[in-house]
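Chain lettering (A, B, C, D, E and F) follows the sequence in which the chains are written, and residue indices restart at 1 in each chain.
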Amino acid sequence: MFYQDGRLQYPVRVETPSPLFAKMLQQALGGVEGEIRVALQYMFQAFGSRGPAKYRDMLLNTGTEELAHIEMLATAIALNLEGASNVLKDQMAQQDPAVAAVLGGMSPRHYLSAGLAALPTNSEGVPFDTSHVYASGNIVGDMYANVTAEATGRTLATRLYHLTDDPGMKDMLAFLIARDTMHQQQWLAVIEELGGETEVLPVPNSFPQDQENQDFNYVFLTTSVDGTGPEGRWSSGPSLDGNSEFRQEPASPLGEVPVLAPPVPEAFAQEEQMDPAAAPPATPGA
Amino acid sequence: MFYQDGRLQYPVRVETPSPLFAKMLQQALGGVEGEIRVALQYMFQAFGSRGPAKYRDMLLNTGTEELAHIEMLATAIALNLEGASNVLKDQMAQQDPAVAAVLGGMSPRHYLSAGLAALPTNSEGVPFDTSHVYASGNIVGDMYANVTAEATGRTLATRLYHLTDDPGMKDMLAFLIARDTMHQQQWLAVIEELGGETEVLPVPNSFPQDQENQDFNYVFLTTSVDGTGPEGRWSSGPSLDGNSEFRQEPASPLGEVPVLAPPVPEAFAQEEQMDPAAAPPATPGA
Amino acid sequence: MFYQDGRLQYPVRVETPSPLFAKMLQQALGGVEGEIRVALQYMFQAFGSRGPAKYRDMLLNTGTEELAHIEMLATAIALNLEGASNVLKDQMAQQDPAVAAVLGGMSPRHYLSAGLAALPTNSEGVPFDTSHVYASGNIVGDMYANVTAEATGRTLATRLYHLTDDPGMKDMLAFLIARDTMHQQQWLAVIEELGGETEVLPVPNSFPQDQENQDFNYVFLTTSVDGTGPEGRWSSGPSLDGNSEFRQEPASPLGEVPVLAPPVPEAFAQEEQMDPAAAPPATPGA
Amino acid sequence: MFYQDGRLQYPVRVETPSPLFAKMLQQALGGVEGEIRVALQYMFQAFGSRGPAKYRDMLLNTGTEELAHIEMLATAIALNLEGASNVLKDQMAQQDPAVAAVLGGMSPRHYLSAGLAALPTNSEGVPFDTSHVYASGNIVGDMYANVTAEATGRTLATRLYHLTDDPGMKDMLAFLIARDTMHQQQWLAVIEELGGETEVLPVPNSFPQDQENQDFNYVFLTTSVDGTGPEGRWSSGPSLDGNSEFRQEPASPLGEVPVLAPPVPEAFAQEEQMDPAAAPPATPGA
Amino acid sequence: MFYQDGRLQYPVRVETPSPLFAKMLQQALGGVEGEIRVALQYMFQAFGSRGPAKYRDMLLNTGTEELAHIEMLATAIALNLEGASNVLKDQMAQQDPAVAAVLGGMSPRHYLSAGLAALPTNSEGVPFDTSHVYASGNIVGDMYANVTAEATGRTLATRLYHLTDDPGMKDMLAFLIARDTMHQQQWLAVIEELGGETEVLPVPNSFPQDQENQDFNYVFLTTSVDGTGPEGRWSSGPSLDGNSEFRQEPASPLGEVPVLAPPVPEAFAQEEQMDPAAAPPATPGA
Amino acid sequence: MFYQDGRLQYPVRVETPSPLFAKMLQQALGGVEGEIRVALQYMFQAFGSRGPAKYRDMLLNTGTEELAHIEMLATAIALNLEGASNVLKDQMAQQDPAVAAVLGGMSPRHYLSAGLAALPTNSEGVPFDTSHVYASGNIVGDMYANVTAEATGRTLATRLYHLTDDPGMKDMLAFLIARDTMHQQQWLAVIEELGGETEVLPVPNSFPQDQENQDFNYVFLTTSVDGTGPEGRWSSGPSLDGNSEFRQEPASPLGEVPVLAPPVPEAFAQEEQMDPAAAPPATPGA
């Protein structure tokens, strides 16, 4: 169960409202890198958690913290929209090009659809959809998904920090950037607790590794037409799971040109596709 | 530029076509964990690559390999659909419950929309959309996104491997599972080459770290109503970037209940919302 | 800010797991009528609330309760999936048609993507997207949106109740149905508190009503080719806002056939479209 | 069957074309609050109508009227785009900042994809999707959905009216605002005809009300950490269906912390998740 | 303006309701190949029509006919769902495997969301979205889009015809197949009226053809690694627009490996990406 | 299998970077008319190809060429974004209205999400989704879909050509326009090779044409209320397939007003809908 106290986790102040910055902040609220995503992702990972109970507990603690970040950003967006409808009207009337220019990028739906409040969309108006909630049932796969979310989230927050000179907004973003710092390492700490790369790789580590193809699991395949490729940590030296050595080889086709059976009549291809004389010889697998 | 030779990277054989397995395989083709996603993701990371040239080269090599996996899976799906339209017709006629039962879960669009071929959708018919292509311009953030893609991809492939007894399909999946093993470590090898966690964290490491809030960047905040929380590697010991120590504290609200200004007349709220007497006192940030 | 205690608002028990019922329950979790939608909708209405503070408070209380319903349903789905992967494997093997038939409709992604846990999608695998979160800034419009959500939600819950014989599931649904009963009336109670239909209509009631077209605001227009239409409360008697009388008339075109200007050259229409001789005469508005 | 006469239901005139207003009008055409939605929603309610025939008839009459509003808005958008490609070109050339400023928010797809015509999208370019068409089979639930559509639609139209000074556009919007006034009350008139709130609540009223949980169907649950909550019409007095009395109580967890079974091997979680020693004790429902 | 008479364009009869066929029919209603798409596509082409008035008129006539097809299919789906909820309940209870098998593929939302009526989705539950409405402002491009819609639509209808033995459904589909026959040729007739391929190609024919690259506009480029390619009508003989001769050549890269500038500091890439020593030399275009 | 050499198919140069043109170019990359779509469409048609092998080969050759166009456009977008973040920052600061005006329409996600690189979205930020990949299994239907893609693609490219004065961009677009010219005719050449319109129509031509309704397959139906309609090539003369004569008739309803059975109790409609006395008489098809 969940509870609230109506107060913000951290103060949200806006000295100079900017509807253009309100639009930018939407990316951190409803974008793929945003707070709606992490809140739902950590919660769904908790709700489906199987195995040691403490991971469920940890996920639920942080998923609930992310709800407070949704609240902070939605408040920041609304405060940046104070006064915006008048300037939108002015912009329509073309009477002050300087003002109009600044607000040229305002999201029209902030006024039209929300009456000057936040929307659950990204900075270009695309709604968030939950296909971005990763919860695979494999804890290490999920931790890497969480690190990704916090790394792209912190990158976004630093870019937003760069764009604004408002001291209230800079203060809020400095807080959110700090939380992203912690959360990145929090999820990696789980991987370390589980033994680190030599223990958790490959993900999932519960699949019998002798059932995977042993000729292709530690080789960097190049696809350049001349057969060369870039050398790096990935092309030589021990593999990160400690099980083998990396090497590099040109990719080459081991299969044939695939040939499907002629169309069956009830699929209603064109007649010319169904001419047996024109059909290629069947492949072994067909 | 790109080239092709029409041959498959690895043989694709199906001994006993199964339209239900064709549907399952769609998840590995057009699902969030699938091959269309990684092909486009690695390509877009290459196309936008800034900095040392070898990473662009590496990404392009592997992105191009993933195109071959799209081709393999699309072929595997088509081969599993041979004969499927007849049994769909039989199923409609209710004349053989045993057959009908088996095919109960066939994707109708494999016949209706594609004439017995693969579709660029997931196993439940949802089209792939490119919001899942992560290419942030920060190489470490992108590498973690790639590890996530390969970890969820390998987990999916092992589940598909478990579901089938067809030797051709098991052989193809053993190959794809092996490639996922390599690719997971390939992306982590980039992170190791860049210095490992103590160097690359927090992502991005180019933001001046003294500008983030120093009170909140290494503390695990609990949100439980009783203030307790799960202990683990994340709650004590040195932080993974080597800059500080982890600790644990209960989250508490530092902000106030947010108060927005009354609605402006041109937003056309209800009149009762605009009564100044009913309005709460303004917050400091308003 | 938000808090949690990890416990469920109401007990969730499943005596006989049913992966098919797990799929059905997804509609109440991630469907348009489901709990993710109402949780986010009530929260966004609270976050953007302007005017008397008690409505923000009320919305936040109930939005937070809906988070607990998300948790309950996600748990119910996971409990209904216990054992499901084995029967999916059996189904693939065709060895027990009776079992296969029952599970024919199982969601493949419950196993493939989630490892036997809930997904944030509807019963047909479509992800939830936040375009369904209504928060217009007009409190009466929002209250009607909330009544709609709870009315379609309760209708869905009664249909789910009809489908299951599991006592644990029936008990959980009887609780959720009761909450929908309360919430429907809770939102209508706000409208009553604001004065009821004669005061709040038309929404928004702050637009100067003499600026709307007075010939068309209380007439039911019929579009049947013979000019007749169905009689009812909407076609005679006082209007519900008390401002006028309903009447009924056949719709008739007051405008002309619209004529747009010929294509400009830089739009690159076909040449034949740009022949001035073939162009129709301009309309008054063009 | 449907017919047309090519003429507009109401005159559409534009004195001063404004590509920025064309973009704003898209919200009323292809937005969630727009005309494509109501046209399809009323039609699908009609097509699936069961019970007294007059409601099908009424829905079909008004759904057909909404088609005429689609036509009006698409025409208004095209007329607002006359001349827009030249100024877009000018804007690209940076030669007249004042003009460029005004058109900074023009939708690029109006020129690029449509050659200066309307698109079936909202004001931010998001296509309309039919998940927004509510037709539940329960007439009262559907009527509330229709009131919601018309309330958000009228709110949007009043905001558009505020933004424009063009007399033709103001005249067209005054007509559409008037129709929204009528349609709001038309759908509520059906509810009154069916007996009003005391008869139609809770929706659906055909579910046996003694099967819902009697402890939770008339209580406003607060989720604040201190157990208090906002008082209002919803927290005391007779319920709107006349069956009980409202009251207010703090929410409290009646369930336990949920515990799922350990992962089955074939879900390929990490090995550490499958350690029986680490598993929590099973919950009663597991 | 639009009108209706409530009657169906063609009789819709179902002798033996089949909820599985109801699901299949959804593809023809809300699929990409379906009736909602063509109705909206022809209407939007009409609404944005510039040039000779008769094409607008023609498009409006047929767009309005497609509305009647939406109505027919929605009715057919509802009639196929009569009785379906009971068998869904039976299926849940596992008591009759034969019945359960047949209905294994029923759409759950037909019962859960619509109360046994049609939904505006495809056969796998994906909502229709209006990004599929093609209306480019170029009449020949639009006519080809319309031919495509009718060709995929007729292919779908023939596959549905194959699946059913119900005489009422076969009769309805034979009518819809006939209309698709007419509509395919109707759109091609416009192209013939405009002069046929030698006049209308390339689309758009109003772009000055000497401004396109004259080395690449009539050559079939092969991308095979060995430089060979399939011979056909496309590789020799006069071009279809009569302006040149087709020929075939291997594709070869005329450009260089692209090099982007190093990341700017404010994009917050990783530090290693910003090392000037590691940066590749700039390309000519950078 | 696929290969690459890292070089561009055609040079991509940008003399004067323009973030606004970068946004416009996104339509050609990730829009419905764009390169991601055609690359995937031709590949999926190849992967599912049944019948003569040379069509598979041809589709694979051109699908692979389109990958090079994706690479070119992504590079062009990145080059147009050089320097864009500084001006975005300036725009936020309002200090130079002339600059701000020009960049008012820049896509915020080019900086926020991609760090100044291309995104797989259209010009308004909507991600590409694969429901736009047409591959029906009928080769003629697919060829018309391909002509449509190239016709809308070339129209878009000519509009982009019109917008820019940058010589590098004009040169690149002149190349892409030329390839669209070739590809339009390439797909039509397949139709000519298969016999032209008299042989391939109606699509599919393998459905027994005597099973379609013979009264409606060559008649243009008018839906105007006065029964008249536009005359053209479609209303008289021989049909394009050579099988019949076109004619024109007013549409008229051959069916009745549809009547569905009353709601079943388990669908939980409102009680008033279930009153048998209020139900209309059943239709013949019910």
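Keep this in mind: contacts are C-beta pairs under 8 Å (C-beta built on N, C-alpha and C of every residue); 3 or more make two chains touch, one makes a residue touch a chain.
This one's a predicted model, so the numbers in the text were calculated from it and none came from an experiment.
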Shared interface numbering between subunit D and subunit B [over half = same, under half = different]: same
Contact-richer chain pair [C-D vs B-C]: C-D
Gap in Å, rounded to a whole number, between the CA centres of subunit F and subunit C: 30
Overlap residues in subunit A, where contacts from two or more other chains coincide: 1-9, 32-33, 47-48, 50, 57, 60-61, 64-65, 68, 71, 75, 78, 85, 89, 97-98, 100-101, 104-105, 111, 113, 115-117, 121, 124-127, 129, 131, 136-138, 140, 155, 158-159, 162, 203-204, 207, 223-225, 251, 253, 257-258, 260-261, 263, 266-269
Chain contact graph, described as a line, ring, star, complete graph or other shape: complete
Residues of subunit E touching subunit C in the complex: 1-6, 47-53, 85, 88-89, 91-94, 97-98, 100-101, 104-109, 111-113, 115, 121, 124-127, 137-140, 194-195, 200, 203-207
In the complex with subunit C, residue positions of subunit A that touch it: 1-9, 30, 36, 40, 43-44, 47-48, 50, 56-57, 60-61, 64-65, 67-68, 70-71, 74-75, 78, 113-121, 127-131, 133, 135-138
In the complex with subunit C, residue positions of subunit B that touch it: 18, 20-21, 23-24, 27, 31-33, 97-98, 100-102, 104-105, 122-126, 152, 155-156, 159-160, 162-165, 223-226, 251-253, 257-263, 265, 267-275, 278-280
Subunit D residues touching subunit B - in the complex, by the definition given at the top: 155, 158-159, 162, 225, 266-268
Subunit E-touching residues of subunit F, taken from the complex the two chains share: 3, 5-14, 32-33, 54-55, 57-58, 60-62, 64-65, 68, 71-72, 75, 78-79, 82-83, 85-86, 89, 111, 115-117, 126, 129, 131-132, 134, 136-138, 140-141, 144-145, 147-148, 150-152, 154-155, 158, 161, 168, 174-175, 177-182, 184-186, 188-190, 192-193, 197, 201-204, 207, 209, 211-225, 229-234, 239-241, 246, 251, 253-258, 260-261, 263-264, 266-269, 284-286
